[in-house]
Amino acid sequence: MSKSNFTRRGLLKTSAVAGGATLAAPQFFSPSWADGHAGYLNAPQGDTVTLGFNVPQSGPYADEGADELRAYELAVEHLNGGGDAGMMNTFSSKALTGNGVLGKKVAYVTGDTQTKPDAARASAKSMIEKDGAVMITGGSSSGVAVAVQALCQEAGIIFMAGLTHSNDTTGKDKKANGFRHFFNSYMSGAALAPILGANYGKDRKAYHLTADYNWGYTTEEAVRTSTEAMGWETVAAVKTPLTQTDFSSYIAPVLQSGADVLVLNHYGGNMVNSLTNAVQFGLRDKQVNGKNFEIIVPLYSRLMAKGAGANVKGIFGSTNWHWSLTDEGSKAFVKSFGEKYGFPPSQAAHTCYVQTMLYADAAERAGTFNPCGIAEALEGFEFDGMGNGPTLYRAEDHQCFKDVLVVKGKENPTSEFDLLEIVEVTPAAQVTYDASIFGGELGTCNPGA
Amino acid sequence: MDAIILQILNGLDKGSAYALIALGLTLIFGTLGVVNFAHGALFMIGAFCAVTLQRILTLSHVVIDDTKKDFLGNPLKVEVPYIYDWFGQETGAAIIDWAVPLAIIFAIPVMIIIGMVMERGLIKHFYKRPHADQILVTFGLAIVLQEIIKAYYGANPIPAPAPEAFKGSYDFGALLGFDANTIIYPYWRLVYFAFAAVVIAAVFAFLQFTTFGMVVRAGMADRETVGLLGIDIDKRFTMMFGLAAAVAGLAGVMYTPINAPNYHMGMDFLVISFVVVVVGGMGSLPGAVLAGFVLGILESFASMREVIEFLPGINQVVIYLAAIIILLTRPRGLLGRKGVMED
Amino acid sequence: MGILEIKNVGKRFGGLQALGDVNLSVAENTVHAIIGPNGAGKSTLLNCLVGKLIPDTGSVTFQGQSLLGRKPHEINQMGVSRVFQTPEIFADLTVMENVMIPCFAHRDGSFKLNAIGSVAGQADIKTQAEQILEDVNMLDKHQMQASSLSRGDKRRLEMAMCLVQEPKLLLLDEPTAGMARADTNNTIDLLKEIKEKRDITMAIIEHDMHVVFSMAERITVLAQGTPLVEDTPDNIKGHPKVREAYLGEAQV
Amino acid sequence: MFGLSAKDTRLFFIVTGLVAFAPFLMNPFPTGSAMAQFNAGYPDLMQRFVIFGIFAIGFNLLFGLTGYLSFGHAAFLGAGSYAAVWMLKLLTINVIPAILISTVVAGAFALLIGFISLRRSGIYFSILTLAFAQMAFALAASVLTPITGGETGLQTALNDPRILDGIASSGGNIPAPALFGLEMRNSYVWNVSGWTFTFNAGYYLAGAFMIVAFYLSMRIFRSPFGLMLQAIKTNQTRLNYTGLNSRPYTLAVFVISGMYAGLAGGLMASMDPLAGAERMQWTASGEVVLMTILGGAGTLIGPVLGAGFIKYFENIFSKINSNVLHEWFAFMPDGMEDFIVTILYPFVGKGWHLTLGIMFMMVVIFLPGGLVEGGQRIANLFRRKKSQPSEADGAKTPAE
């Protein structure tokens, strides 16, 4: 028996290879081929729907990727009715029932982004072309997010961004098929500035060290704008190579410049090293202009804090979410994650879990896995109970607007996970901006067929 | 002026790291002619010797503290290192605090054994093979070593701080008559510099003044003749590998407080260490050390704000640019020997 | 006027005067030997002729054209071939290929981008190569890899590679160094045979007096970087200066 | 045939056949079966096989023939990618100009770098090429962001000019690269009782280029030019004293090799219009070195095998997670299943690098000639006709 079909897009009809499929007999597609004409790419066949979890499994962000993967596995478990249902209990939308999505069991495939745009796209393509994934999610850097988002737009698949903080993801490079729950550089700047003003005063001189790539630029820009608006002066901004490991030659001249605040627009390994070096130079013990010298890290993550060890103590930064939040949604998530894996989730895990839930919920509400239907369901969607207070998925740029956390390195941590303490929950209104300020075009949604 | 002094200090410090790593590499690559892509991995393993010792010293048993709650609301489990039980909390904490310097003692035998096993088990079969094969096998080995470390310690950097006594920085400005706080330099980096100087001097002295060193130097020049003299040169070369591994490992151990070690740090240093060795000149130990300092100082100056503003991106490329210029003007690098790996 | 004229050539390495003031003329179609004790500057002189070294002073002309400042391959294209002390051949290639390469060089010049034509399809080159292999009695070994040849055969192969280019001047750098007497004699016979068949000038640097005296028509004795005497073999044998500087220690 | 010897013609037809029937050969397992995890017959990976095949074939022309080990070849691939994406943005979404320009740009870039680097040989040459490529990478990722898109990479956009295409954008979506209207992502899917075979337009275009590239490399190997290159590798001194100037030869092959890399970069951008700086990083240069050595440097088919081997591991092994393992061994008793999964898990999924590293070592230890030698040994086992023919007597083994 044979059946052939010419499709406009490179599409492959498969049942989920992982998850649902077993050694059982080969499947015949002919009767259900009609689904191929359901009007969108990779319309789920049979009783499963496949999601693609594309996270860094090798390279410097592998641990963060591992945490993202844990969150995805937990989300799949909850969606399929396993475990204690986590945030499904607190989520304001009640469309999800623990019966899979649209009656189909959720299966997943995993891939390794290697935190390289090329590799991430290769991995995402294999999920789309080989495994029939209907949605791709994950990632731990903006470069990867932007690259995979563009791929998903071209292919006609929904992309639910993982950890990506650059303004570009939902700014200059936004795409109709891409959605981001995580916050961005602009929000970090807007949330941090008032707290910095309150703690360090309004006449400070800041020295920026900025990782020399897109995310670094947008973060520096955001922090500069918001702190300068408050009255701070920017003494200098120096770009550091992304591949730099020893920052001594960048940090040593800071004191000579007369600056009394050092802003480290670095993430991941860059941040761990630059902060370690800065503390090593004893900057924080110094007095400049009659004030204590301070260091700021605009974007924090728990894994970075862990890497930097005791050096983070007392240093301000912002974060998307933290496990010590006490709202019902966060508590429910921390509980189910903690009971399954034995330690609290990171913000990367949180955003990935929430993105999966939001996608599933949107599919349920739209009644289809068609990317255009899902996009419509997500655009302008307001929800609560996911850990950051009432949240809006803005239609204009597919960015979530929600509370942003300003945190500080904890002085006396009780465990290796208890490294940050929440200083302030900045309300969403304070970090909301006009959708047009970063340019870019959303385009139209692409269902891929 | 103060800015320049500061960058010279920086350059010396960076340079000592480069020189130390390149020194180990040049013992194997520059003189034995084995293209060892696993050298970075040896540096990384050295750093993880410090982490491992730290882990050993902080081996703990769990005490349940009912007064505090953990993140799930259960009673907090507090981990108490055994060492506290044995030596009391204060002494115990002090020993843990000194984990990194103590790791030197731990790392030397470990690294020597790793280096010798590597040579006996693998590299010795590759002396006569083409460089391409050496690249493939040592690169494979580097990946394997790296992945083993990653599987055990994870991918995230692990902080391994210097002892409390070396926290903070020394104010050179005051010493030299500049304003306070203009020229400060962390104590640990000064220690690193001194340590590098001692290790480099020791290796030189060892090769210069011992019989072993003489035989090895002769063996580098003409392996067959030395073999004819009835000297087991292979055995010396094995020991040489052990020595190179130990030097790389020590560089790694002492580096941990400067940058928190991760499984990938070896690869980050691999390229630069090859560049340093070649710019220094193949087969020349002093060349490698000199090149390390030259490139370190150049890199420091290129990262000055004034320089970057004048030449954007120069901080990214200065090492490579310098390497190109040096190799074009001096065909065998700074102090290279003729005929080593030129074809 | 000889085919090769060396005038006032001097070369200094740091503090060492390797060549003093060398004047030498090699007449066309002769075998001219250059002998001298170790360190006399024979190899330095040779390297000055082929473009490997540039002398500090003086001139070197070949058929009236200066060789100074020319690269080895340019000098070779002018008709000067060199045989090395240890045979320099293409060890990883077959004997046939070894000989074909100089054939190409002879026909196409120092560079030709012939990336599409096939080696196997070059009939004229092949014939030429086979011819010369036959001349040196190696045709039966044409498929062998050059590295697996015996030392004597390697020397023959190298000669063949030089001869196939029909050089006007053949420079031989101790062609029998390290050879057993039998092999040495074979080489002498080969060289003599070559000399008989072709119009060729040979300049030989040699240690082995047996070789020198059985072949050379003229001999120059070099000592401490300067030519001591130049004469016919018979005169050289009895020359007191030479005996003093050289033969006395070389036990002829 | 085509100016090739009978043996080479046979090899050429084998390669052509493999490329043509890859959609079948790469998908040996029925879709939906547990072994389908090992299927590689989907467009993206097949495209990568042939594109990296081209890259490695080109690299092998330089390294395999002359022995000059360039450690910066990825720079040419990156330059080609950027050139191609710019063509797709500015000129037309048709891939032909993109591929041509990428080859030319990479060739020019190679001429510049080669001219300087080839002044040195051996390790000094390697370090010079490495330094140039690292500079290209560092600058592309940072200060050249306006031209290269920085770390995020250069992509096509809705508002690109595309002057030859007019403003005919397809709705709100960026047009996909196409060959005169045939989009590179188009596929013909054939379902045969459980098996699914995908015939992708982009793959066949890239495959056609690879066959041409392979054919040209065969011709170069067998040409007088190729012979000179081999002579450079074995004895450069003799070559110079044979009246041949090695510099133009090495420079020519360096440029040809750079153009191969540029072609690969152009094809990569045509299949997937993105060019990122990390394509130029030393790890990418190192990868092609490894591909070539792993397959068998200096052999015709080796580099292609090496490229396929590494890309297969990267894309297939990295996707095997513990879930998949559990399914495979679900037939076993629980304890046994967990045990096997625990043993295997470190080697797949996130541990794919470990397996790759082990494979590198195994190949180089047991198969000194690379994968090609493995193939020859297997072939010899089957042949076993006239026992050990000419090889033992020192005849040169033909570079196959």
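Should a chain be cited, it is by its letter among A, B, C and D, assigned in written order, with residues numbered from 1 in that chain.
Here, a contact is a pair of C-beta atoms (placed from the backbone, for glycine too) under 8 Å apart; a residue touches a chain by one contact, two chains touch by 3 or more.
No experiment lies behind these values; they were computed from the predicted model shown.
The chain with its Cα centre farthest from the Cα centre of subunit A is C. Annotation: A-D is the more contact-rich of the chain pairs A-D and A-B, by number of C-beta pairs in contact. If each chain is reduced to the centroid of its CA atoms, subunit A and subunit D end up 33 Å from each other.
For this pair, subunit A with subunit B, the centres built from the Cα atoms lie 35 Å apart.
Note: centroid distance subunit A to subunit C, computed from Cα atoms, is 73 Å. Measuring from the averaged C-alpha position of subunit C to that of subunit D gives a distance of 46 Å.
Counting only residues that touch two or more partner chains, subunit C has none.
Within subunit B, contacts with two or more other chains are made by residues 316. Each of residues 138, 142-143, 353 in subunit D touches at least two other chains.
In this structure, the chains touch in the following pairs: A-B, A-D, B-D, C-D.
Interface of subunit A with subunit B (complex): residues 58-64, 66, 212, 236, 238-241, 243, 245-246, 248-250, 252-253, 255-257, 269, 272-273, 276-277, 280-282, 285-286, 288, 303, 306-311, 323-324, 334-335, 338-339, 343-344, 414-415, 417-418. Those residues of subunit D whose C-beta lies close enough to touch subunit B in the complex are 63, 67, 69, 116, 119-124, 127-128, 130-132, 134-135, 138-139, 142-144, 236, 282-283, 286, 289-290, 293-294, 297, 346, 351, 353-354, 356-361, 363-365, 368.
The touching residues of subunit C, counted against subunit D in their complex, run 50, 71-74, 76-77, 81-82, 84, 88-94, 97, 100-102, 104-106, 108-122, 143-145, 148, 161, 165.
Looking at the complex, you find that subunit B touches subunit A at residues 2-3, 6-7, 9-11, 13-14, 17, 68, 70-72, 76, 78, 150, 154-159, 161-162, 167-169, 181-182, 184-186, 188-189, 257-260, 262, 264-265, 268-269, 299-300, 303-305, 308, 315-316.
Looking at the complex, you find that subunit D touches subunit A at residues 30-34, 36-37, 39, 42-45, 48, 138, 141-143, 145, 150-153, 155, 157-159, 171-174, 176, 183, 185-196, 198, 200, 202, 272, 274, 276, 278-279, 314-315, 318-319, 321, 323-324, 327, 330-331, 349-350, 352-353.
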